[in-house]
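One structure coming up, written as structure tokens, with questions to follow.
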Amino acid sequence: MNRSALNKLLEKVAKGGLTPEKAAEALVDLPFEDLGFANLDHHRHLRNGFPEVVFGLNKTAEQIAALALALNSHGAHALVTRVNPEKAEAVRRALPQMEYHRDAQALVWTSGQVEEQGRGVIAVISAGTSDIPVAEEAKITAELMGSRVKTLYDVGVAGLHRILAANHRFKNVTAFVVVAGMEGALPSVVSGLWGKPVIAVPTSIGYGAAFGGLAALLGMLTSCAAGVSVVNIDNGFGGGYLAGLINRKDQADD
Amino acid sequence: MNRSALNKLLEKVAKGGLTPEKAAEALVDLPFEDLGFANLDHHRHLRNGFPEVVFGLNKTAEQIAALALALNSHGAHALVTRVNPEKAEAVRRALPQMEYHRDAQALVWTSGQVEEQGRGVIAVISAGTSDIPVAEEAKITAELMGSRVKTLYDVGVAGLHRILAANHRFKNVTAFVVVAGMEGALPSVVSGLWGKPVIAVPTSIGYGAAFGGLAALLGMLTSCAAGVSVVNIDNGFGGGYLAGLINRKDQADD
Amino acid sequence: MNRSALNKLLEKVAKGGLTPEKAAEALVDLPFEDLGFANLDHHRHLRNGFPEVVFGLNKTAEQIAALALALNSHGAHALVTRVNPEKAEAVRRALPQMEYHRDAQALVWTSGQVEEQGRGVIAVISAGTSDIPVAEEAKITAELMGSRVKTLYDVGVAGLHRILAANHRFKNVTAFVVVAGMEGALPSVVSGLWGKPVIAVPTSIGYGAAFGGLAALLGMLTSCAAGVSVVNIDNGFGGGYLAGLINRKDQADD
Amino acid sequence: MNRSALNKLLEKVAKGGLTPEKAAEALVDLPFEDLGFANLDHHRHLRNGFPEVVFGLNKTAEQIAALALALNSHGAHALVTRVNPEKAEAVRRALPQMEYHRDAQALVWTSGQVEEQGRGVIAVISAGTSDIPVAEEAKITAELMGSRVKTLYDVGVAGLHRILAANHRFKNVTAFVVVAGMEGALPSVVSGLWGKPVIAVPTSIGYGAAFGGLAALLGMLTSCAAGVSVVNIDNGFGGGYLAGLINRKDQADD
Amino acid sequence: MNRSALNKLLEKVAKGGLTPEKAAEALVDLPFEDLGFANLDHHRHLRNGFPEVVFGLNKTAEQIAALALALNSHGAHALVTRVNPEKAEAVRRALPQMEYHRDAQALVWTSGQVEEQGRGVIAVISAGTSDIPVAEEAKITAELMGSRVKTLYDVGVAGLHRILAANHRFKNVTAFVVVAGMEGALPSVVSGLWGKPVIAVPTSIGYGAAFGGLAALLGMLTSCAAGVSVVNIDNGFGGGYLAGLINRKDQADD
Amino acid sequence: MNRSALNKLLEKVAKGGLTPEKAAEALVDLPFEDLGFANLDHHRHLRNGFPEVVFGLNKTAEQIAALALALNSHGAHALVTRVNPEKAEAVRRALPQMEYHRDAQALVWTSGQVEEQGRGVIAVISAGTSDIPVAEEAKITAELMGSRVKTLYDVGVAGLHRILAANHRFKNVTAFVVVAGMEGALPSVVSGLWGKPVIAVPTSIGYGAAFGGLAALLGMLTSCAAGVSVVNIDNGFGGGYLAGLINRKDQADD
Amino acid sequence: MNRSALNKLLEKVAKGGLTPEKAAEALVDLPFEDLGFANLDHHRHLRNGFPEVVFGLNKTAEQIAALALALNSHGAHALVTRVNPEKAEAVRRALPQMEYHRDAQALVWTSGQVEEQGRGVIAVISAGTSDIPVAEEAKITAELMGSRVKTLYDVGVAGLHRILAANHRFKNVTAFVVVAGMEGALPSVVSGLWGKPVIAVPTSIGYGAAFGGLAALLGMLTSCAAGVSVVNIDNGFGGGYLAGLINRKDQADD
Amino acid sequence: MNRSALNKLLEKVAKGGLTPEKAAEALVDLPFEDLGFANLDHHRHLRNGFPEVVFGLNKTAEQIAALALALNSHGAHALVTRVNPEKAEAVRRALPQMEYHRDAQALVWTSGQVEEQGRGVIAVISAGTSDIPVAEEAKITAELMGSRVKTLYDVGVAGLHRILAANHRFKNVTAFVVVAGMEGALPSVVSGLWGKPVIAVPTSIGYGAAFGGLAALLGMLTSCAAGVSVVNIDNGFGGGYLAGLINRKDQADD
């Protein structure tokens, strides 16, 4: 069963000719390879509570639904990022079980309960209001990996006192995800204050010499503060995922 | 006592008019602020086994020695990066206690024993022979933070089988530092194989369209693999430091 | 007969006042020069089974139809790239003989049978789902040049085992076309595995530091793997054409 | 008398065949135009206590001496920037009256007393040790314009408490010059703290993604803080000059 | 009361269920912190006649109205930049007290009378007709800070004589804001003519090698003229704000 | 035996304490893995007449000699690129068997006879005199792969007639390597004339807007001519290697 | 009478309340300064048969009409570039005298007869079909300056023989305008063939590594051919204008 | 006789074993093709008083001498650019007839008298002292083409009055070459003042955001002034050559 067969199956679901449950049944016994998801199946540990992510931006609602259904049928948490409300609506007509997080622009379908797996807490901090969607994407990702997440939004370098005031909230933080556009100075400050790993996420917010996130990216990379590393512009998922990995309880390797 | 006074004191040491021990005595009771190191003293936790780093590239041997002496006199491990052999020689004439790591181009002066503080092990991997100095800088940094470090050098994407063969060596790894120039594809591969946090360090090795590390940097940032984040080009210290933070035993916050 | 005359003739065809056959008759005896296609006619060998390509992106349906008709009337295979479904529909109202390949976004009008001319097989591989249109453009181009083409889509660096599993399918491959966006690491891997010529096609798929294909382009250019060369971003035609040339049976020069 | 004549005259001075005083006498009655300094003479106000600047980097010691002598002979303060110690030595052999500021890499020849002309005080702040030469260039420039200058060096974003502690020193500041390399975040902080005009001077200090000052430049330009403007990379003179203009006592226009 | 509560309150106002006056009453006694505006409240001096700015580009009419209402309820002048006529219309349905400046694309709500606070006058000069919106944004900002502003629009380097003719208008100018796209040469000229501080604002006007304002930005930064500094591309607010700071009457620091 | 042991062995050879023959004996029975050359050993086919390349630019004479010796001891042709005459001299003191090609700046040590393996001939063409070293690097590489190579140097776009005159020399060419700096237009022309695969090698020759080869690179990538692909700037090896692959006699896959 | 007054007058004309003739009468006696066109009036020679150009892209139909009317009322030829058909239609409703050149996307209003002023002929050559609008803009500009223009469109580097065949048409050419996108190699070729001044106009035609005309621009700048200079991307007006200047009959200076 | 034979012949001349006259005799009867200068010989018109240029930067003194001798032996004016004094000295030891222009860093060997061929005069203007070598290169080039040249150096935008004062000197100018670094604003001004063709030559003079001439290049390209075109950074030869072409007396085409 290849992907176009999968799409046809989905169309039936969408038109009411097949329930999602029946569709899942039809899929569950096939190996991933036959579904075109083979690039997942050697990552055995992935299914151990890690979300499978689908980058939704260039995909149609049908493609998204097909991918989500297949993932769910194999017991994986499905996370679809960069889905605008219209497309989310269309996906949910076929798969009403999926939950849409408007702030994060993400669709989520957990496979059973997400199990707590963190050593401590992850803190997600954003510099501006416009950075919130990226921050929320990070938050949802980390939560699907079994981490507890605390957030502090809308603090810039100029709002240092709010960060300082939040000190008590950040007990037991094992990793910070700091989301910022423009000149991207916030991660340095956070790193200096708490001395914990900081994953910096530059955003494309800004204009002129911000050059679509380039200024923030370069600023974060050249930050003098030790303990800061950077993911791609607007890549909230990447920031949350890495923080989730860092926060994981230590496990015996297999 | 300001920095120029410090330099004069150092000159005496260099000329044999003062022993390093006497110089340290003269310094130990002064607060950092008076030494021009005030930007360290509110980071109380830093002296808790974290190395203090000095970027040695644009500094003279005298400046380096002054900084190292002051750090040592306050009980901090001193790490000086980007020191070529000639400059190291000059520094060691004044401060023969400092140890020079030629591969890492780094001078080190530990303040007493470095205490083991890691949950597990850090793995440092480099793609090419020319990337080794950056990798060694990462290794020394992590070790000074109390982490055990294992290394695997000179594997490129073309050397996948060597990485796979090394699997058994990477038990209990809590973080990977992956150092690579040219197209920088190695971190994706490492992330895919072990599912642990990967700190990617692009290097300026390469020519033509490598543009001084830009190609590696962009490649690492846009890597499809989740769990990878990036530090500045050639920033071995930054990679090792973040890995050291990740590997730290969990501690009660204060 | 200049191009505007050609356009008028086409309008008649579109409105049913003239059959395509009659139009072709009107054109076939004119030299290319008079049709504004003179830049083709000294390439005598081109008509020896090579497709003539029209870049369709900025052209109107009428312009495309005019160019296709003229090419066909002189016995050339016509290939029009970058045609969206709406424009394709419009062209096919005038020239229903043209075949639209939706995946490749291409219109094709072969002049008689395409003759098998290859020494072996061409393999077209894509890293992601979003890269498929570019890959399909490469495939169609190579096929029009008389090559047999095998495809393997949706494998990334993380899907190495799928590539390895496909080893048996790639007997007798004389050239690979490898299409990839983001960090563009796939061509190195393919080159390392089979040791055959690899034409890398970077795509504009990605966001943030992908910078519209620049990251993939630089990564491919700086790849350590020997045997890889690169064409323009999204230039599936270019990749397929070069592969077609490489795969050609050796001929006596004339 | 053109510039080459001027150079010859200088050579005599350098060889002891002419005293600087005699040389100045020979020059003082000539209009600037004849000396090749015509681009100064319509700026009447400039001689009203403003320094004339010579960019020393690409000039020989002889050229510098000729320019300085001519400026001095017309009553202007001469400021020569970017002069290394060797070149300064060579200039001072001919013109021992010139004072060399090693930290600022600048040669100065004031024409009589510099008159205090400021409404308040200018504060020059640098982020790192390596930024000091640029900061000192700003300081000397502002002082030659009749401003009092206070400095605070070697504070980064991580050294906020030192800046805060310095609050009492910055009474009556009318303009800040903030010099910083790497990610260039310091100007935002300064602007937020005191609400006074901030002239940000990015420096070329840094490596890798600092791209010779580009990261600092973009960071400063996209800073969210209002009240910050930017001059060219390493342009300490420009920063000090603008601060000097801002600090000037209001004058009746003429 | 968090921001979403604020939005709900605004919706009531918009639907007529609550007068703006009542809404303001409900807000005035809450500290800024509770409104999500905490990053303002430690800037005590800001409320001393300085406008609070809201960057309107990515905000909805509702968000803008909520922010404006909160600012006004605490006695701050509210300035909203980058508001197109449609959005302005929508905001003014809820808050008809806000004044829309179409040329500047800005909404303004002054809190009582704006008090004259300038030492002299600010001059805003634009190079082309298309630069006027940015120039008007600078003008309004400076006026809200208590400065008198004179303008001269549509003069390029080619229109030098118009600038010269305007000389008499620029008595008592303490700062120039010079707005220019394309090659951005105007600030140098203005600086040369009047010897007063010049804040250069590059604009994104232009095409081809203007690269969205980059050419103007680089030109302004590398200008040989002393006394010029630069803010971000299209940042009229930044230019006007800095000019307003420069023009302020000297005050006893507190 | 690790690489440092290898270096010591080499030093003995260099000092006359060991003949190269003895050194090779000592090495030949060790698997590559133990020599630190493991990244070669799974490329079984490589030893089938393909040269092993060592990028000599950042390596010492000792390192080069060690690598060459190890390769030779395992029966591989050793090719070392980017070796200046001084370094070559130093290498040849230890290994006088190595042949230095001054034009190509390359050291070569063939392992027995190079066997003719080509279907036809490779043509290497350079645009300018300064491009010759890169062209010669391509030539030597292809020859080591068993290809016959013809060259035509110092033809630019302006020298089209020379290219045309050379037509008869290019019978049986299966691939062109075209080396050009500046605007890089030559590959298009060559592709248009012969309709064979063209590997374009941009060079860093040029100044100003050539930007170290960027102009040539972009020009070659955007060339309208089908059948052209590009390798990294100055990468003569890459061009020659790919041409060698294309020219290879078809072989049964294994 | 300022520009807004001018706009009102135009509205009357547009609504039929005033004839263009009457409007012109109202304007003709006002000096340019009062119309906001002062930047023209010191260019006395401009009105000597030179067109006044209005960049139409960001202007409304009303603004365009106002500017055109004012120019015409003072005896200048009005040329408005970058006007799409819809906007042209709107302008022509108010000013039906203006002639729209659809190919050039330009509106023209000649003030009386354009007088022949050329020494010879200008040749405008374009590489591709998509470059024609830019080429036509150059052609119209040169014609309005009194030059005769010959055109040759749709020849690329691959179409050299067509250029050669056109040799006889280019007798008495004093300047070439060569318009090309992609790799921009055509100007070198033209310069080599005729040895006359070549003004190269890069266009934004292309995709991927064409980077909006950057590849063409760099290629043209680094062309080895002497006698080529470059104007801004897509700046057909600039190319035509300069060619017009070059072609002008020599005149006694005034 | 190929180039290496030519070099040997030159060595004899250099060592006194052969007079230049004898060497020239040996060369004069050989066609250019045999000398490796074939790319000149189809440009018949070139020898009609046009200089042949050799880019001296990357060439040895021997190569330069060989090329110059060959050109001279065929009656061409030889111009060698970018020759530093040491290399010039070395060339002149072999060919003392060559004249070295230190300001222009150029060697010249005219073949007989340079014949006046200009319609008028060429004006070469430079912005700064550091731009003079580039300007002088332009001057010498134009003079070798038979043009009279006037120069005005060291005027920046700030020195407008000097340009204006020079008005009377620029009678009968047919083309301006304007050389400028930094922000490159001078060409616009010159174009505005005289309405004649302006060839702008950006220079690499500057620092920081000048980016090696990029700022000047972009500024010149985006200049609003019509009548300006641009050549490569530091390409004084290109500017002078084009000006020489423009200034040429009209000739009957052949």
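In this document, chain identifiers A, B, C, D, E, F, G and H correspond to the written order of the chains, with residue numbering beginning at 1 in each.
Basically, a contact is a pair of C-beta atoms (placed from the backbone, for glycine too) under 8 Å apart; a residue touches a chain by one contact, two chains touch by 3 or more.
Quantities reported herein were computed from a predicted structural model and do not represent experimental measurements.
**Student:** Which chain has its C-alpha centre farthest away from the C-alpha centre of chain B?
**Tutor:** Most distant chain from chain B: G.
**Student:** Round to the nearest whole Å and give the separation of the Cα centres of chain D and chain E.
**Tutor:** Spacing between the chain centres: roughly 31 Å.
**Student:** Take the average of all CA coordinates in chain F, do the same for chain H, and state the distance between these two points in whole angstrom.
**Tutor:** From the centre of chain F to the centre of chain H is 37 Å.
**Student:** Whole-Å distance, chain D centre to chain F centre, using C-alpha means?
**Tutor:** Chain centres of chain D and chain F, defined by C-alpha means, are spaced 52 Å apart.
**Student:** Could you say which residues in chain E touch two or more other chains, in rising order?
**Tutor:** 43, 156, 158, 192, 208-210, 217, 221-222, 232-233
**Student:** Which chain pairs here would you call touching?
**Tutor:** Result for touching pairs of chains: A-B, A-C, A-D, A-E, B-C, B-D, B-F, C-F, C-G, D-E, D-H, E-G, E-H, F-G, F-H, G-H.
**Student:** Inside the complex, what are the residues of chain E that reach chain G?
**Tutor:** Residue positions touching the partner: 129-130, 154-156, 158-159, 161-162, 205, 207-210.
**Student:** Which positions of chain C touch chain G when the two form their complex?
**Tutor:** Chain C reaches chain G through residues 33, 36, 38-39, 42-43, 57-59, 63, 202, 204, 212-213, 217, 232-235.
**Student:** Can you list the residues on chain C that touch chain B in the complex?
**Tutor:** 127-128, 156-158, 160, 182-185, 188-189, 192, 206, 208-211, 214-225
**Student:** Any idea which chain A residues touch chain B in the complex?
**Tutor:** Those in contact with chain B are residues 43, 45-46, 50, 53, 119-120, 170-175, 192, 195-197, 199, 217, 221-222, 226-233, 237-239, 241-242, 245-246, 250, 253.
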